[in-house]
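Presented below are the structures under discussion, each in the form of structure tokens.
Next come two complexes, and both contain chain A; in the first it sits with chain B, in the second with chain C.
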Partner chain A sequence: MATTAVAEAPRMAGMRFGRAARRYGWTVAVYALLAVLMVTTIIIKPDYGAFEWNTLTLAALPLAFAAAAQTMVVLSGGIDLSVGPLMALANVLALRAMLGHDLNYSLGVALIVLLEVTLAGALNGAIIVLTRVPDIVVTLATSFIWAGLALLVLAKPTPGIPLDVQNLAQGSALSPWVPNALLLLLVVPLVWIPLRRSRAGLAIYAVGSDRNAAFRSGVNLGLSRVLAYSVGGFFAACGGLALSMTTGVGSPLAGTYYTLSAVSAIVLGGVSLAGGRGGILGVVAAAYILSLIPAVFIYLGIDPNYGQMIQGVLIVIVVMIGGLGAVLRRV
Partner chain B sequence: MSTRAVTTVRLVQQHSILVLIALLVALAGLIEIIRPGAVNANWVSNILEFAAPLGILAAGQTLVVITGGIDLSVANVATAAAYIMASQAPYGVTRGIVLGLLVGVAVGLVNGVGVAVFRVQPLIMTLAMGLVVTGSLNVYSQAAIRSVPGVPAVIHAMGSATVLGYVPVSLFLWAPLAALLIVGLRSTGFGRLLYAVGDNLEATRLAGVRGWQVLLANYAACGFLSAVAGLVLAGTVNAADLSLANILLLPSVAAVVIGGTSIFGGSGTYSGTVVGALILTVLNSVLTLLDVPDAVKQILYGAIIVLLAAAYTRVLSPE
Partner chain C sequence: MAALLVAGFALVACGGSPSNGGSTATKYTVGVSNTLTGNGWREEMICSIKAQAKASGVVSKVIIANRTTDAAGQIADIRNLISSGANVIVINPSDRDALNSVIKQATDKGIVVVAVDQAVSEPSAYVVTNDQVAYGNLGADWLAKKLGGKGNIIEMRGINGVPADTDRHQGLTAALAKYPNIKVVKQTFTNWSLDPAAQQMKDIFSSGIKFDGIWTSGIDSTVVDQFQSSNKPFVPIVGADNNKFVQELATLKDKGLTGAAVTNPPPIGGAGLAVGLATLQKSHSYDHVIHLTPQVWDNTTADGAAKLAQTYDSTLDPYYSVAFDVKPYTTYTKQDLIACQGPG
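The block that comes next holds the complex of A and B.
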């Protein structure tokens, strides 16, 4: 008995290590990639300072929220092609209601906008669950609806987000190296970590990983999927408000870029599009990487148009390596 | 449910295209009610002209969706093909067209390698390739030409001229292509393989099919068709700018879905997609006639796609 116990202990540790490596390996790799990129940037641009860092956090903030929104939905086995229009909707609603008001009033507006766009996300999920039409088709169609609503609210880009509200994201209250835009990102773990540890969060993973198994384990499929879309809607609303704060403008077309970029970010961040695998923390780092690349090109004096190309190539390489790994494991 | 009702449901299921055509006719009727006399030969000619680029773009999309994939790079490829054709046309129109089509095939092949050999999910692979294509095109446009290139007369004629007063020239390209695809999907070995691969890749592999070759050829075909659609579109709007076909990406998927092709692969027809493309074009025409703001148009467009898809799922897959 004693010998088996002794033999068991290291094996257990090995198993735990293997599991941890599988679970967090990709996330660690993404943060390492971000670190390497940051170091490269500083080598390229020796006078990289707090200002440039602040610019990066501002650029990455809306994308990180968009990617968080997409992550929620993809984890539940769906995909949301309306993330960008949802962000645009939040963005223009905020401008329309905040225009000419003070900080306290605007914060109230922000809460209402969060609620409204969360409901819009929930509606996406409810339509999918009730009609049984595939996610990609429904969100494709609702992307037209949200974009149309955004255009109804505001016909053309209009500046006018109160300065106090803009300063919530643009300043740096603590230290120049900890910009507010970085602090605002704390909303992601604040929502994510409790959810991840809750029964409902586990159910979202279960539904995304194997719908039949989840159903037989007593998970309420419809409710879990609607929850995933609602939290996705909440993050999309955060992204739209982040756009308002970082640009100071309400723009009905601002979201278009974010739908597909968010998909890029979650892929790079290690979330499986098949559902049920991955987490949100790697995705945030991926959003920073995708925002840093164009900046690096500008520092290098290269046409920033290459940035888009490199982004695409980077994603292709990352997913091909991932795919190759899967193929080799099978053989 | 009575026997007759069951028979009706079955009839509808087996001839869903008839329902689509009925819907198309109903939409045309709606236009006639809104503005009596609007539905005439000229209107039909216009609808066909504007449906042709979408129909050809959705052709490639149909092929890919049948194999269980999706191609989000079709619009980028169409734009790139048109832009390269137009910018190379001063050195020879044929050269421009050939180069434009080659770009389509090349991007399709890369998509195919990613999906078939490296087993990358089609959504990601084609999304990333779309970024690569658009990025490269931006760089090319900065390096090569400063102004937006004009469209050569031949292409313009192909996209927007008519013969005998009403028949759009692009129909002479689209109709044979459609016939080829419809017959090809139904009765050639390759066509049947697409359904088989889309239904169950593993089973086809066990049956001795080299699935990766099928997928590779299929994505290349989709790239080629996208490029053709880009050239036709450039002719229709008589311009080749850097965002030419971007608005057609979502409609290309919508046309396939409305046409009854399952987004999960393994079933679907191109004839359905053709009617889907026509429905979307007529729908646009209805919304234009209603004279509502663009925003409301978009909202209605989205709502109608959801309703159509929901009706489909309800009627056609009762299990």
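The block that comes next holds the complex of A and C.
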């Protein structure tokens, strides 16, 4: 009996390691890639300092939130084309309500905006579940609704986010190396990690990977999908508020660039577009990588348009390596 | 994979880094931030900055942050230009107010920031622009007069919310207030891109909207082309001093095209750099806000027709503006602009 236990232990450990590698391998690889790129950047630009690190975090912040929003929906087997317009909606609602008010009032406004746009996300999910129209069609349609609503709230870009609110993202209260924007980004793991470990989070994965199996295991499909869209709406709202804080203005077209960039970030971050696979933490690193590339091109004095090509090449290479890994595992 | 990327970056680094030789007098680094790509006007603006940098003889390097992005992306680009050691940063702003804090950070570090083409509200920046309110005003006034103060017009704007579009719309609205019988029956945003403008014209033709004149914010020859390809009789069209539109105004007059080109020179970019360099060298003290007054080239007057015929240049890109300099600020030649080469 003692001998079997001894023999069993390493095998168990081996299995656990294999599972952990499968589950977290990509995330670790993305962080490793980010680390390598950071080191490369520092070699290229030896005076890389707190200012540059703050620049990178400010640029990555809205993209990371947009990508987190998209990740939630994609994990549940859907796709949300309205992430950008939801960000714009949060952005203009915040401007309209915060204009001329102080910090405390504005924080109250931010909470209400988060709630409103979370509900808008829930509505996306509810329409999809109730009408059974494909996600891509519904969110394409609602993207026009949210964008139109944003234009109704605010017709043109308007300044007026209170300075104290802007400093919540632009300053660095603790240390120059810990920009406030980085602290704001902690919202992502603070929401994600508890959700990931809960039954509801597991249900979102289950629905995304195999809807029939999830249904037969007693998962409430509709509720899980609406939850995924709601949390997605919440992250999109965070992204819109991040834009308010980093630019100081409300703009009805604020989120335009983030719907598709978010898809790039989640693919690079290891989320399977087929659903049910991946996590948010790798996606955050991917947002940093995608923001670092144009910066490096400017440091090198090269047209950042090439940076966009490099991003494309990078995504293709990473996805190909990921696909190769999946094939090898199967063999 | 990581190694591959590092190699890629290193390769790029070798190819792109300027030579450090030559210890001549102080040479400046110029940063440029532009957020609309694939647009002839903006490309010409960037070429004028490169040409002026070279002609000035005091610039060692021009770093161009040129990508399609939003205000948040432009803030990151400007911060990266600050990090790259730029002494002068020329920006075409994507928003009037959103860049203020980053501009302030740059000017606090002694960097001269010049906003060209469109204004910013940060007082420490220099603003060198065409008078965009006058641009909207003069063109709309010409159109209203041409229509005898009565009729329906279509307003084809630029990008919703960017400063130049807002200013031009304000100018147009003010001009039309004097003509109560002129009605704007349709408003579109071309995003200063050719394809949307072409599609919008097709939609307008098929919708059966009755209109007597078109005001465009510079996507002009596309509109003329749509009239030709749809075999519709021309209405008076207001555009900008773009090469192809200038040619059309000169050559299609016999076929009934009346129109006016309102000047909006892209070399405002080079002019902005000249102002920035002079400020840096303390060789000249400029006002913080410099406005160029646009001219109206009307193909129905003798003066206008002569100007149009004389400025059209078959060697120039059709979507470039015919204006190759902004006197007295720019000092490069037309060949420099077409060559589009910076120093080094």
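Methods note: the second predicted complex is superposed on the first by the 320 of 331 C-alpha atoms of A that agree within 3 Å, B and C clash if a C-alpha of one lies under 4 Å from a C-alpha of the other, contacts with A are read in each partner's own complex, and residues count from 1 in each chain.
Keep in mind that, in the parts below, contacts are C-beta pairs under 8 Å (C-beta built on N, C-alpha and C of every residue); 3 or more make two chains touch, one makes a residue touch a chain.
Note that the coordinates shown come from a computational prediction; the quantities given were computed from them, not determined experimentally.
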Which of chain B and chain C A:S106 touches, first, second, both or neither: neither
First (chain B), second (chain C), both or neither touched by A:G148: first
Which of chain B and chain C A:D303 touches, first, second, both or neither: both
Partner chain(s) touched by A:P62 [first = chain B, second = chain C, both, neither]: second
First, second, both or neither for A:L273, with chain B first and chain C second: first
Chain B versus chain C as contact partner of A:I315, first or second or both or neither: first
Intersection of the chain A residues that touch chain B with those that touch chain C: 303, 305, 307-308, 310
In the complex with chain B, residue positions of chain A that touch it: 79, 127, 131-134, 136-138, 140-145, 147-152, 155, 260, 263-264, 267, 273-274, 303, 305-313, 315-316, 319-320, 322-324, 326-327
In the complex, chain A residues that touch chain C: 32-33, 36-37, 40, 44-45, 51-52, 54-56, 58-59, 62, 156-157, 159, 166, 170, 243, 246-249, 251-254, 256-257, 291, 294-296, 298-305, 307-308, 310, 314, 317-318, 321
Chain C residues within the chain A interface of the complex: 1-2, 4-6, 8-10, 12-13, 16-18, 37, 61, 63-73, 75-77, 79-84, 95-98, 100-101, 121, 160-161, 166
Interfacial residue positions of chain B with respect to chain A in the complex: 70, 72, 114, 118-121, 123-125, 127-136, 138-139, 142, 250, 253-254, 257, 263-264, 293-303, 305-306, 309-310, 312-314
